[in-house]
Structures are given as structure tokens and as C-alpha cells.
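In what follows, structures are represented as C-alpha cells.
The same subunit A turns up in both complexes below, where it pairs with subunit B and then with subunit C.
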Partner chain A sequence: MDVVAWMPFIVLTPLILSAVVALLPGRFAPWGVSVIVAVVITALSFWVLGHVDETPIRYAFGQWPPPIGIEYRVDAANAWVAFIVSAIALLALVWGKASVDQEIPERQSVFYALFLLTLAGLLGITLTGDAFNVFVFLEISSLSTYALIAHGPDRRGLLASFRYLIMGTIGATFVLIGIGFLYMMTGTLNMADLAERLPAVADTNAIRAGFAFIVVGLGLKMALLPLHLWLPNAYAYAPNMVTVFLAGTATKVALYVLLRFIYTVFGFEGSFGMLPLAPLLMTLAIAGMVVGSWVAMFEPNLKRLLAYSSVAQVGYLVLGVSLVSVVGLTATFVHLFNHALMKAALFMALGTVMYQTGSARIEAFYGIGRQMPWTMSAFAVAGLSLIGVPATAGFVSKWYLILASIEAGHPWLVGLILITSFMAVFYVWRVIEAAWFKAPNEQAKPVREAPLCLLVPLWLTVLLNLYFGLDTRLSLGAATRAAQTLLGSF
Partner chain B sequence: MSTVLSFFNYWVVVVLMMIGFYVVIARGNMIKKVMGLTLFQTSVFFMFISAGKVAGGATPIVRAGVEVYSNPLPHVLILTAIVVGVATTAVALALAVRINESFGTIEDDTLQDALLEEPSDRPEDTA
Partner chain C sequence: MSDNKILRIVARFLIPLIMLFALYIQFHGEYSPGGGFQAGVVFAAAWILFVLIFGMDLGLAVIPKRAMYVLMLIGVLIYCAVGLINVIQGGAFLEFATLLPNPQAAQQAGIVTVELGIGITVASAIMMIFTKFAERKAWLDAVEEEAP
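So, the complex of A and B:
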């Protein structure tokens, strides 16, 4: 088996089979094929992850040698992101069957086809080594995401989707403008080629403008604080399975692309020398951490609560980038994985309660802890991981973020990370308090524990949170290699 | 003056882009927002195409007696981007139709009022 020949199938399998899934009848076949696709790409990306070393794995499409043709270029950084995306897709699919059956009773083939298209788009962004190809896959994933969000049972999902479409298209067009400037100045679109030719023209306004456009465009896509307005409603009103998947993947892939542009295309010197990027990112990251956590503390809709918490978590991810060190970048890459795991678990737990009660309002959670003990215990454990309690995955990320802050000479950041963690304690506690210490609503019908088909994947994800809090060989090893690859490439 | 004129295409791009962007932000009607978005995207297409022109270059079809050709690659890129733009417009219009079906309006102001009557959740920052 040749790893180079099989690597492109990580993108091609979901892309091609989405067309097949769209034609399948009934409720079981589309889901079954999607799960098979997810298993295949998770296995493939894990296999590729094991094969990346100093030299990237390169595959030229249609035998056209780069820089003329489009190439996929996989190193430790994007192999890791591709693995996270496929694994979260698999978890979301396994958990989501019953939830999707309830929320989208008809025409599920279209829904799963869109899901696979989103997946193909995100993986394509991750693996490609061509700047224009990034834009194309960005739009493939975005367009299918808009349609997925509009599938939500609440009619406000349509408004959330429309708003995301407007903002997402502006973001993607900004990226396109940025790539246009790069192309005008260098005459190439291949990222490795761009990296070679950019230093010669780096000191021009066109390149500075292009860089600014790309940073803002991707900032929109990853919901960095002032550009996060699309995210809370998009997450809150999407079908639960889509929320589980998007919360773990979409913003992270945008962050990865930003890192790829900062470190590989513009190069370390170019990016941090051209604009005051590190202070800018740090300010926005801190603002995101504080504002996101603050709003989450008072949010009555629990899906929106977790969505605002995601805005805060994007802040943590970007904070790691802004510290400009191997440890900081390692913290970012390990948190990519850990945050995907904890948010997937939390949204799964919420979705499981919503499957039984139909509401994400905090009043609907009164007394639910006694009626659905397994689900709410899972929520509590995943909540501990979100807070960053030792022996959970969340602790590992926060620990590395703190180490990086001290190493970079910003010890006050440690205090800030602790404060935002206490804010997380507060908003997770609100849910726990509602579930266990409030009397159930008189009018509300008592509910029973959720079916096993939802509980088993939920607990599997929760246990993964605990496992990767104790055994960090896979997560930390891959994250360290990813950080070293990006920083080593300047 | 000659510099200003030689960048004529790019002036058009900037003006179109700002008009489109302004319409997206300032108009409450969803169809008008989509129109603004399309204008915004189209201006970027102009920018790429303008950059593909080589001074004195002929159309990029290989033939005898021609030495300098314009760059065909931006055209190919923009062909893809146009397809993306059409797809975006289609999805946006489809969403507008669905919103009109379920709310009875596509005006932002009226939508706010409709959402205020919604029983659950905070409506004020939904639309």
C-alpha cells in the first residue's frame, strides 16, 4: 500500500460518495454509507498521520507537476487537522442517527449528501497545497454548511443560515481578494512556490493588503471575536448532529488555514514583521475569551451558551498562536483536538436531552438530572473537561497554554486564563444546578432516560475526554510535531 | 493623471466593491442584500481579469506571428469563482424564499417584530 497514492482519497471518498448518497432511498442507507465513508477516511487519515515526517507527502493531481498543477501537500500539521475532522465526523454520525430521524424525518438522503460535501470541503481545505484550491473548498464546505443549518427544526435556523451566508461569503471573498494580490505579485498559486517568491516582493503595499485581507477573511470564518456574530445562532438553530460536527471542526479548519498562511506562505519573518500580528491576535483572543465567557454566563438558551463558549475557546486557540513559540503553537494544536472532543461531548449531551424534551431552554432542564442521570452525568464530566479540571483533556490544553504564557514572559495571562476558567465553572454550574437542584417544572411531562443509541456514543466521547486527559501520547505527540513542522518551515 | 487613468479598471473595482459592500450592510431587504453581495463578488472577478491583461498581449490562442499573450490563468480561476458565486446566489435566494414562506416577510425590520412574538429565547439579536 502506497501512502502517497491513497492520501487524496481522504477528500475524494466523501466528495464522490456524496453524489451517491443523494440518490439513496429511505432512512438507513444514506446514514449507513455516510458512516462507512467516515470510517474509511478516519482510518486513512490516521494512517497518513503515522507516515508524515520531515518531508511532506505530495500528490500532484492529473499528473500535472506543481506549480502548474494542483498538489496535495500533507505534513504533520494538516495530517493532524484532517484526522481531527474525520474522527469528529465519525463520532457525530454514529451519535446522530436517532437525532436526525427525529429532526429531519424526510429526505434524509439530501441531508447526508450535504453532510458529506461539508466534510469533503473541510478536508480539501486542510490537505491542499494550492492557495486558490483553498478558496474553492472553503466555498464548497460553506455552501453545504448553510444548507445544513437551514435544515434545523426551528424556523429561526433559516435566518441564522442567511446571516451566516452573507458573512461567510464576505469572508471567503476577502480571502479571494488576498489570494488575488498574492498572485498578481508572484505569478503563482502553489503555497510552497509562493513561500519562495514572496520574500522578494514582501515589502510592498500589495502584499501587505493581501495579507490583511486573508487574515480578516479567515478571522470571519473562524469567528474571532468582533467577527463572531454569525456563530451563536448558526450553532443554536442547526440540527443537533450538525452542531456537534461544526463545533468540533469548522472554525478549527479556518484557524489551520490561517496558520498555514502565516507560517508557510508568508513565513514567520514575513507575517510577524509585516504587521503587528502578535499583539493584534493576542488582543482579539483575550477579548474573545472574556466576552464569550461573559455572555455564556447569562445565556438562557443552552445551545447558544455552548456556542458563546466556543467563541471563548477560539480565543484560547488564537492566544496560543499569538505567543509565537513552539509551546504556544503546541497548545493551539492540542487544544484543537481537545476542544473538538469536549464540545462534541457537550453538544451531544444537550442534543440527547433535546431528543427527549425538545427544548434547549434552561427551564426545560429543571430536574432533568434525576430523570436522565446518564445523560446529565456525561454533560457534567464533559463540562469538567471544558473547565480544565486535571485528568481531563481540557486540563492538558490549559496547562500548555499557561506554560507558553510564562515562557513568553506574560505571566499575567495565567491569571486571565484562570479567570476565564472560573467563568466556565460558573456557566457549566448553571446547567448542573438546573438539572439537579431545581424542582421539575409542574407543567412539563416527566421524561425518561434517552435510548442507548444516543447514550453509548455520548459516553464514548466523554470517556475519550478522560482518556486523552491521562494518556497524551497521541494528542500531544501529534500536536508537538505539527507545531514544530510549521515553525520549522521558515 | 496618467497613473490614475492607467488604473481605470481598478478604480471601477474599488467603486463597485464599495457599492456592493454598502448595500449588503445598509439594506434590510434580503433580496437587496443578495444583489449587493453579487456586486461585491463581481468586482473581485473584475480585479482578477484586469490583472490577467498583459500590455500589448494578444488573446492567449497560440498562432503564428504573435509573441506576447495575455495571461489566461486568471480567466480560468474566475470561471470557477463565477460558478461559486452563482451557487451562493442560488442558495441565498432559496433561503430568502423559505424565510418568506415561514415568516411572511424578507424585510429585516418586520422580521424583528415577528421574532418578538416568538415565545422562547431572546429575540432581539436573532435576525
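So, the complex of A and C:
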């Protein structure tokens, strides 16, 4: 078994089988094949993750040599992101069967085909070593994401999807314009090749403009604060399984691409010297943390609440980047994983309640804690992880973020991280309070505990949150190697 | 528009030519301007002209919606199958050189097959898009008639 020959199948498996899934009849077969795909790519990406070291794994498509042809280039950073994406896809699929059956009773083959296309797009963005290929896969994943969001049971999902389409297209166009500028100045699209040729022309307005376009375009895609407006409604009105998947993956992949451009393509000195990137990112990250948490504190729709919390979490991720150190970047990479785990668990818990009650409004959660104790306990534990209580995954990422802030000479950031964590306590507590301390709504029909097919994957995800809060060998080890690879690559 | 004799006769004369031209673009794409995408669009344009003149019902009798849907996916699968055959023969994905002993002939065979897949997908996707828009128009008219 040759790891290089099998690596591209992380992308090819979902890409090819999405066309097959679209032809399958009924409700079980499309889901079954999708789960098999997710298992295969999770195993493959875990295997690849174990094989990345100093030299990246390279695969040239059609055996065309890299500067001309398209190559996949996998090092510790993108192997880690690919593993996160495929693992979250697997969790979402295993959990989502009952939820999708309820929300999308018909034409599930199309839905699962779109899901696999999104997955292939996100993984393609992650693994490719070609700047234009990034844009192509960005469009593949975005277009299928818009269609997935429009599948939501609420008709407002159509509007949310349309707004995301407008914003996402602007973002992707900006990325394309940026890549166009780079191509114009260097004549190459291969990232490694770009990195070699860019320093010679770095001091030109075209390159500066290109860099700015790429940063803003990817900022839109990852919902960095002033560009986050598409995210809350897109998450809120998408089918629950899609929300679970997107919340853990879509914005993270955009962040990874930004890191790839900052550190590999433009190089450390190139990017941080060209624009005041570190203060810029830090300001936006802090604004995102505060504003996202603040809005989440008063949001009556719980899916939107968690979506705004995601805006705040993107702030944490970018804060780690803006500290410009190995520890900071490690915090970002470990939070990529931990946040994917905790948000997946939280959205799963919400989705499980919605499966029984059909509403995400906070009023629908009154008294639900006694009717669905297992689901709401899972929500509570995942909420603790979101807050960052010790012995949960969230604590590990906050701890590293705090270490990085102190190391970088910004001790005041520690206070800020604590304040936003308290805001998280507040908005998680609102849900707990509604579920356990409020009397059930009298008009609402009493509901029973959710079926096991939803509860078991939910609790599995919650236990993973606890596990990775105690045993950080996998998460922290991979994150450290990813950070070192990116910082060592200039 | 089917009551206009000139349109009917000219369309009958033109549609086969447009389709032939589409096939010409398709199978000369590897060494002259053209290829699967352009050929697919031109081919679908012939069908759209047919629908405009002779009506949607006849158009869908020629190629039902389910057939468009399946063809759309089969085109993608043809493309991917070529790549997978290369992998099975020990090359990289889409390394056409593994297909035939003669490297030039292998490249040609590979790219023509891949372009055929693209052509089928693009043609059926454009027909599908046109059908969806046409159906929406019919649906909107029906809604307007119902509303006072």
C-alpha cells in the first residue's frame, strides 16, 4: 500500500461517488453509500496524517509535472484539516439519518449527492497545491452548500441560501481576482512555484492588491466579523445535519486556505510585511469574539445563537493566527479540531430536540430538560466544552490561546478571553435555564426522549469532547506539527 | 410558434445541421478550437430550437427529464471512469498514457473519451435548465390564472 497513490482518493472518492449516489433510489441506499464514503476518507486521511513528515506528500494528476499540471501537496497542516473535515462529515452522517428522513422526506439521493460534493469540494480545497484549483473547489463546495441550505424545511432557508450565494460569490470572485493578479505577475499557479517567484515582484501594487483581494475574499468565506452576515441565517435555516457539518468544517477550511496563502505562498515576511496584517487580524478577531458573543447572549432562536457563537469562535481562531507564533498557530489548529467537535455536539443536541419539537425558539425548550434528559445533558456537557471548562476539549484550546497571548506580550488578551468565556457561560446558561428551570409551555405537547439512533452519535461526540480534553496526544500533537510546518515553510 | 410554416421548414432544415456541427466540434476538439463543453452547448441549442418551434411536449418525448438527469450523471461517470482505469493500470489519475501502447494515440483516446463525457453532461444539463425554466413559466401562468 502506497500512501502517495491513495492520498488523492480522499477527494476522488466523494467526488466520483456523488454522481453514483444521485442515481440511487430510496432513502437507505444514498445514506448508506455516503456513510461508507465518509468511513473510507476518514480512514484514508488518518492514514495520511500518520505519514506526513518534513517532506510533503506530492501527487501529480495525469503525471503532468507540477508547475504545469495540478498537484496535490499534503503536509502536516492540510492533512490535519482534511482529517477534521472527513471525521466531522462521518459524525454528521451517522447522526443525521433520522433527522434528514424527517426534514427531507423526498429525493434524498440528490441531497446526499450534494452533501458528498460539498465534502469533496472542502477536501479538494484542503489538499490541492494549486492556487487556481483552490478556487475551483471553493466553487464546487460553495455551490453545493447553497443548494444544501435551500433544502431546509423552513422557507426562510431559501432567502438565507440566496444571501449566502451573493456573499459567497463575492468572496470567491475576490479570491479569483487575487489569484489572477498573482498569475499576471508571476506566470504560475502552483503554490510552491508562486512562493519561489513572488519575492522578486513582491514590491508591486499588483501583488499588494492581489493579497488584499485574497484576504478579504477568504475573510468573507470564513465569516470574519464585518463579513459574517451570511452565516447566522444560513446555519439557522439549513437542515440540521447540514448545520452540524458546516459549523464544523466550512469556515475552518477557508481559514486554512488563508493560512496557506499567508505562510506558504506569500511567505511569512511577505505577508506580514506587505500589509499590517497582524494588527488587522487581531482587531477583527477581538471584534468578532466580543460582538458574536454579545449577540448570542440575546438571541431567541437557538440555532442562530450557536451560529453567532461560531462567529465568536472564528474570532478565537483568527486571534491565534494574529499572534504570529508557533504557540498561537498551534492554538488555532487545535481549536479548529476542538471547535468542530463542540459545535457538532451542540448542533446535534439542538437538532435532536428539534426532531421531537420542531422548533429552535427558546420558548420551545421550556421544561424540555425533564422530558429529554439525555439530550439536554449532552447539550450541557458540550456547552461546558464551548465555555472552556477544564477536562473538556474547549479548555485545551483556550489554554493554548492564553499561553500564546502571554508569550506574544499581550497579557490584556487573557482578560478578554476570560470575558468572552463568561459571555459564553451566559448564553449556554440561558438554554440550560430554559430547559430545566422553566415550566413547560402549556400549549406545547409533552415530548419524549429522542430515539437512540440520534442519541448514540450525539453522546459519542460529547464523549469525544471529554476525551480530547484529557488525552491531547492526537489533537495537540497534530496541531503542533501543523503549526511548525507552516511556520517552518518560509 | 408552430403555426408559422417558414419557421417550421427552416428549423427542420437547420436542426440536423446544428447537431452535426455539435458533433464536429465534439470530435475535433482535441486539435482544433472546441471540445466537450462547446459541443454540449451547441447540441442542447438544437434541442432548444426544436422545443421553441414544436413545443415542450414533443421535446420531452424526444428526451424525457429522467433521461436528462441520468445522462448528466453518466457523463461525469465516463470522465471519472477514464481516470480510474488509468489508476487501475498503474498510472496516476487521468494519466492517459496508460490507455494504449502508443503514447500519442493514448493521449488522444483519453482526451476524446473525457470530452465525450463532458459533452453529454453539458448538453443534458443545459436541456434540464431550459426545461426547469419552461416549467416554471407554465407554473406561474397557472398561478396567475387561478388568482382573480
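General observations
Everything that follows uses one rule, which is that the second predicted complex is superposed on the first by the 490 of 490 C-alpha atoms of A that agree within 3 Å, B and C clash if a C-alpha of one lies under 4 Å from a C-alpha of the other, contacts with A are read in each partner's own complex, and residues count from 1 in each chain.
In this section, a contact is a pair of C-beta atoms (placed from the backbone, for glycine too) under 8 Å apart; a residue touches a chain by one contact, two chains touch by 3 or more.
Keep in mind that this is a model prediction, so the values were computed, not measured.
By the touch criterion defined above, A:W294 reaches neither subunit B nor subunit C. Judged by the touch definition given at the top, the superposed model places A:G62 against subunit C, while subunit B stays out of reach.
When the shared chain is aligned, no partner comes close enough to touch A:F268: not subunit B, not subunit C. In the superposition on chain A, contact is made by A:I16 with subunit C only, not with subunit B. When the two complexes are overlaid on their common chain A, residue A:L143 makes contact with subunit B while staying clear of subunit C. By the touch criterion stated above, A:I166 is placed in contact with subunit B alone, subunit C being left untouched. Note for the complex: subunit A touches subunit B at residues 132, 135-136, 139, 143, 146-147, 150, 155-156, 158-163, 165-166, 169-170, 173, 176-177, 180, 183-184, 189, 233, 300-301, 304, 359, 361. Of all residues in subunit A, only 5, 8, 12, 15-16, 19-20, 22-23, 59-63 touch subunit C in the complex they form. Contact residues of subunit C toward subunit A in the complex are 69-70, 73, 76-77, 80, 83-84, 86-87, 91-97. The residues of subunit B lying in touch with subunit A in their complex are 21, 24, 30, 33, 37, 40-41, 44, 47-48, 51, 74, 77, 80-81, 84, 87-88, 91-92, 95-96, 98-99, 102-103, 111, 115, 118, 120-122, 126-127.
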